[in-house]
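A short write-up of the structure that comes next.
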Amino acid sequence: MSEPIAVRATPELHFRYAAGRYGSLFLRGLGEGRILASRCARCPRTLVPPRVACTHCFGKMEEIVEVPPRGTLLAFTLVAFPFLDPFTGVQRPIPYCYGMVQFEGTDNTFQYFLSEKDPSKLRVGQRVEAVFNEVRKGELGDLLHFRALE
Amino acid sequence: MNVAIIGCGQTNHRSRRLDVSAPELIDEAVQLALSDARIGPDGIDAIVVGNMEHFEGIHLSDLWAVEGTGGVGKPQIKVATGGTTGSSLAQAAYYLVASGFYRTVMAVGWERLSDSEGETTTGIVTAFDPIYERPTLAGAVSGLAILACQYQAKFKTRAEDAALVVVQARENAARNPHAHLTKPVTVADVVKSPLLSSPIRYLDMCPTSDGACAVVFTSDPGDRKSAWARGVASRHNHTYLGDVAEGSADFKHTLKLAAAEAYRLAGMSNPRKEIDVVEMYEPCTWAALDWAEALGLCGPGEAAGLWASGATRLDGDIPVNPSGGVLCTNPIGATGLVRVAEAAMQVRGIAGARQVDGVETAMATGFGGSFWNEVMILGAKP
Amino acid sequence: MKPVSILGVAQTKHCARRDDANYMELAFEVIQDLFRKTGWSHDRVDTIISASSDFWDGRTISEIAIQDPAGAPGKSASKVSMDGAFALIYAAARIASGAFKTCLVVAHGKASEGEPRAIANAGFDPLFQRPIGIDDHTALGLQARRFLEKRGMLGSVLAEAAAQSAAAAAKNPNAHRRAAKHVLAADPLHEDEIAPDSDGACALLLGEGGPVELAGFGCATDAHQLGERDLGDPGVLPRASLEAHRMAGVREVDVAEIHDASSAQTLLWREGLGLPERVALNPSGGAMGAQPGFATGLVRVAEVCERLARGEGRTGLAHGMTGFVGQAHCVWILRRRS
Amino acid sequence: MNPEQVEPVAVEGRIRIPYRWPAGRAAGTFLSLLAAEGRLVGLRCPTCRRVAVPPTARCNSCRAACEEQVPVGPGGSVTTWTLSRRTSPPQILALVRLDGADTALLHRLIGLKPEDVRSGMRVEAVFEKDRRGSILDLAGFRPAPAEPPSASAGKPAGGAR
């Protein structure tokens, strides 16, 4: 026998991931072209995406605030290798750039696509702004990418 | 209660082990560990097992695995925490013995990354938030590339500096029959290898391996060669990757905290001098630099110099990964346990061609999840 | 074992679908409820052990979702990828080792987000059992038939046991309200004789000096292939039970809560645990009243703890299970401190 | 903006990954003989003499390595059965103890109606013509007229302990 016996299968499991109340609010905000954050007045912390638990005191984040769709790029990468996207089961289109962006007035970073495809044109500390799709549906894809302001 | 490691077994880790089923692969490591510990299957009171279900597509993987672990009729507890799975198994086995619940516990970790036909990244992508993070993330590779980007920006480190880590790792792996990648590489090879996720290139990154590891922990080692657990610590991290570097402004925060706690438990005031060898969980070259600094092996921004000086070599004054480390061998669910096993072998003086002279104290680390870290310090005495 | 006691318990209401809460929010809800009941807060928690399933959550390293609500950042935490009753062993060990004083234990499950039968199928070995198309319900059917035939019982005993569980669940405000029909689901089991797929979470706080202590536990794993076991027997359950009773130095308990995935298991596990008729079994309705994934066994512990704390008996037994038709069992004996 | 008042949404997702599970030595022996020769074997434990089908490389009772091949079947008896309604038409799933084996094999019963199935009934293996090294090279088990060869047939496995 040329190759030892093996059993092959490509199971496909379907999920309905609940966005939760805070996430639902965030996605609705994106649909309106707005970036919403949750705020803990005690700590104080303002975080995107909004969520129920503060990252400092782990208590309830009571307040939802809108933050400007601009921020600072704190890290980035150009993804250049092929791999299967678990959502589609086929190869994710490459190359693409994404980065960690700290929105103005927030304390954490948000991970999302960058419009720039050449990492040599990006730098840590760069100012960026969120670009929204014209047609929006209240989903993450309403946010197209971040583009450099300088 | 004091806890000692008395037996370690690991497979010869390879890119694919098509000749054995998962339980049979596990059995290889289990038999070696039992034989090293000089005990029979009846000498094991409980088993802790772990692997990551989506990498093999097997839910409740502990339940089929009993055919290999020897868990039928015994307590068997599954601990699975991502990259830290192996180190978490070691910690769980430690606490189960230290509590007095069981006298002798075997930790068994395994992964068959070839079962997902090279698509390990696909499984790792699913570790992160399905709505916010999965669309952008490219597995551990891009997650670590974000760390590397920040490290590079902060210290102006060159790709050539980071490459030294894997050059040395491969040299060490050539002395380790269990290592997966043993072919020597040069700095030029590394910086010319294909770009995965900037600044990480193919040779900067750990491989995907098939392999298993088993380690026997006991409170009653008798006259067996033992490595005693002297400092066990773990520090966890946030849910979202975008929060991980918040406040501390770096990705090594939890490793610093875990190491400090482990040093405190082991009663160490100068770990750089008191630790004889480090088995570090370094999934990529850049992380090794960042984390050597977190462990206090050198100051901020000095790690490249540490490697360049030869201090981290087998004959240096702070050898790092005589086994070749994760950069040469990475069966994920076993990887952290291999670090513990290698550290224990160093303390027990049975590491063969990769043995460092006169090891009294060894440290093993584990990395996983959303940048959380675990540390175990082993010593020749309790 | 060194004295480890339960300082407090909390559970969510269990139901078919919690669209309003993602995993983080579900964990937040139950942990905050636990703190409200006990007067504790995150800064007094030393370590965290969670229980959840990567396949159920559709997420590798499923515990990442609950790091923040559990207050894990900066602390030592770990995850047992089994039912919460097993996770409790690790949590108790962390305290009994002397390394930690208090441990937050949290388990969650949301059947509504995934496909429970397809996920269960992926839990059988991929060479012999999975290709046949078996799942948790059909495995329960194989077990129920063998159980009935081995004892020469009629199927009506399954319906009677299910009716008793349903009556108990009707009095439990946290139980999963469902309209299961008496139609065949996995012969000889009817839909109402199989435990529901629920969303829910459970949390408890371990430490020293609480009203109820963990007196003993036992745990054992059986062979994986269904055909290696006699499904009409309780398998390794008596072994786990004996060990728990021995460690606790307890011969008989006053109340018991078990994970019964079918009404056949209600009868079979009762037999395997050697519980006499006088012992109240599953006053909450048991898993037949709500089965929130890996939280199911921890809910049993919480239910027993609450009853003992209220003075309804002095000793109790809680049972958790992982795997199909009882491949792995965990038995806890709890005792009210006098 | 109050999160308590928002209409919650769920996001559709899936996990789709290709897998290849090697059968290894014990299962590989079983599956290759099934594929190549249409015969069924178990592995016998050298210590406790138990014959396991499906075979395991190591005995679940005494941990001895199992290598001795023992022919089993093609006849056997049903120890228990159920109906899986996930498929249309429903399939009869059963545990079948093959003659010569001490454990039972999970498979499908074919060629009969659910109302005709009885625990303890005699069945025989039906092989696919085109076999590829899978447990599905066995199409299933169909009713067999023959009487049980020994009094022990029809009893389920005694468990692993």
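All chains are identified by letter, namely A, B, C and D, in their written order; residue positions are counted from 1 within each chain.
Everything that follows uses one rule, which is that contacts are C-beta pairs under 8 Å (C-beta built on N, C-alpha and C of every residue); 3 or more make two chains touch, one makes a residue touch a chain.
If you're wondering where the values come from, they're calculated on a predicted model, not measured in any experiment.
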Pair of chains whose C-beta contact count is the highest in the structure: B-C
Whole-Å separation of chain centres (CA-atom averages), chain A against chain B: 29
Centre distance in Å when chain A and chain C are each reduced to the mean of their C-alpha atoms: 35
Centre-of-Cα separation between chain D and chain A, whole angstrom: 46
Contacts with two or more other chains, residues of chain C listed in rising order: 19-21, 24, 55, 58, 68, 73, 113, 119, 122, 126-127, 131, 222-223, 236
Per-residue overlap in chain B, given as positions that touch at least 2 other chains: 18-19, 21, 54, 57-58, 66-67, 72-73, 119, 122-123, 126, 130-131, 134, 238-239, 243
For chain D, residues that touch 2 or more chains besides their own: 8-11, 13, 15, 17-24, 27-28, 31, 60, 134, 160-161
Touch-based graph of the chains, sorted into line, ring, star, complete or other: complete
In the complex with chain D, residue positions of chain A that touch it: 1, 4-25, 27-28, 36, 50, 52, 64, 84, 86-89, 138-139
In the complex with chain C, residue positions of chain B that touch it: 1, 21, 46, 50, 52-55, 57-60, 62-64, 66-67, 71-82, 88, 91-92, 94-96, 98-101, 123-124, 126-130, 232-239, 243, 254, 257, 368-370, 372
Complex contacts: residues of chain C adjacent to chain A: 18-25, 28, 32, 42, 55, 58, 68-71, 73, 110, 112-115, 118-119, 122, 126-127, 131
Contact footprint of chain B on chain C as seen in their complex: 1-2, 24, 48, 53-55, 58-61, 63-68, 72-82, 86, 89-90, 92-99, 119-120, 122-127, 218-224, 236, 239, 322-324, 327-328
Of chain D, residues touching chain A in the complex: 1-4, 6-24, 27-28, 31-32, 35, 133-134
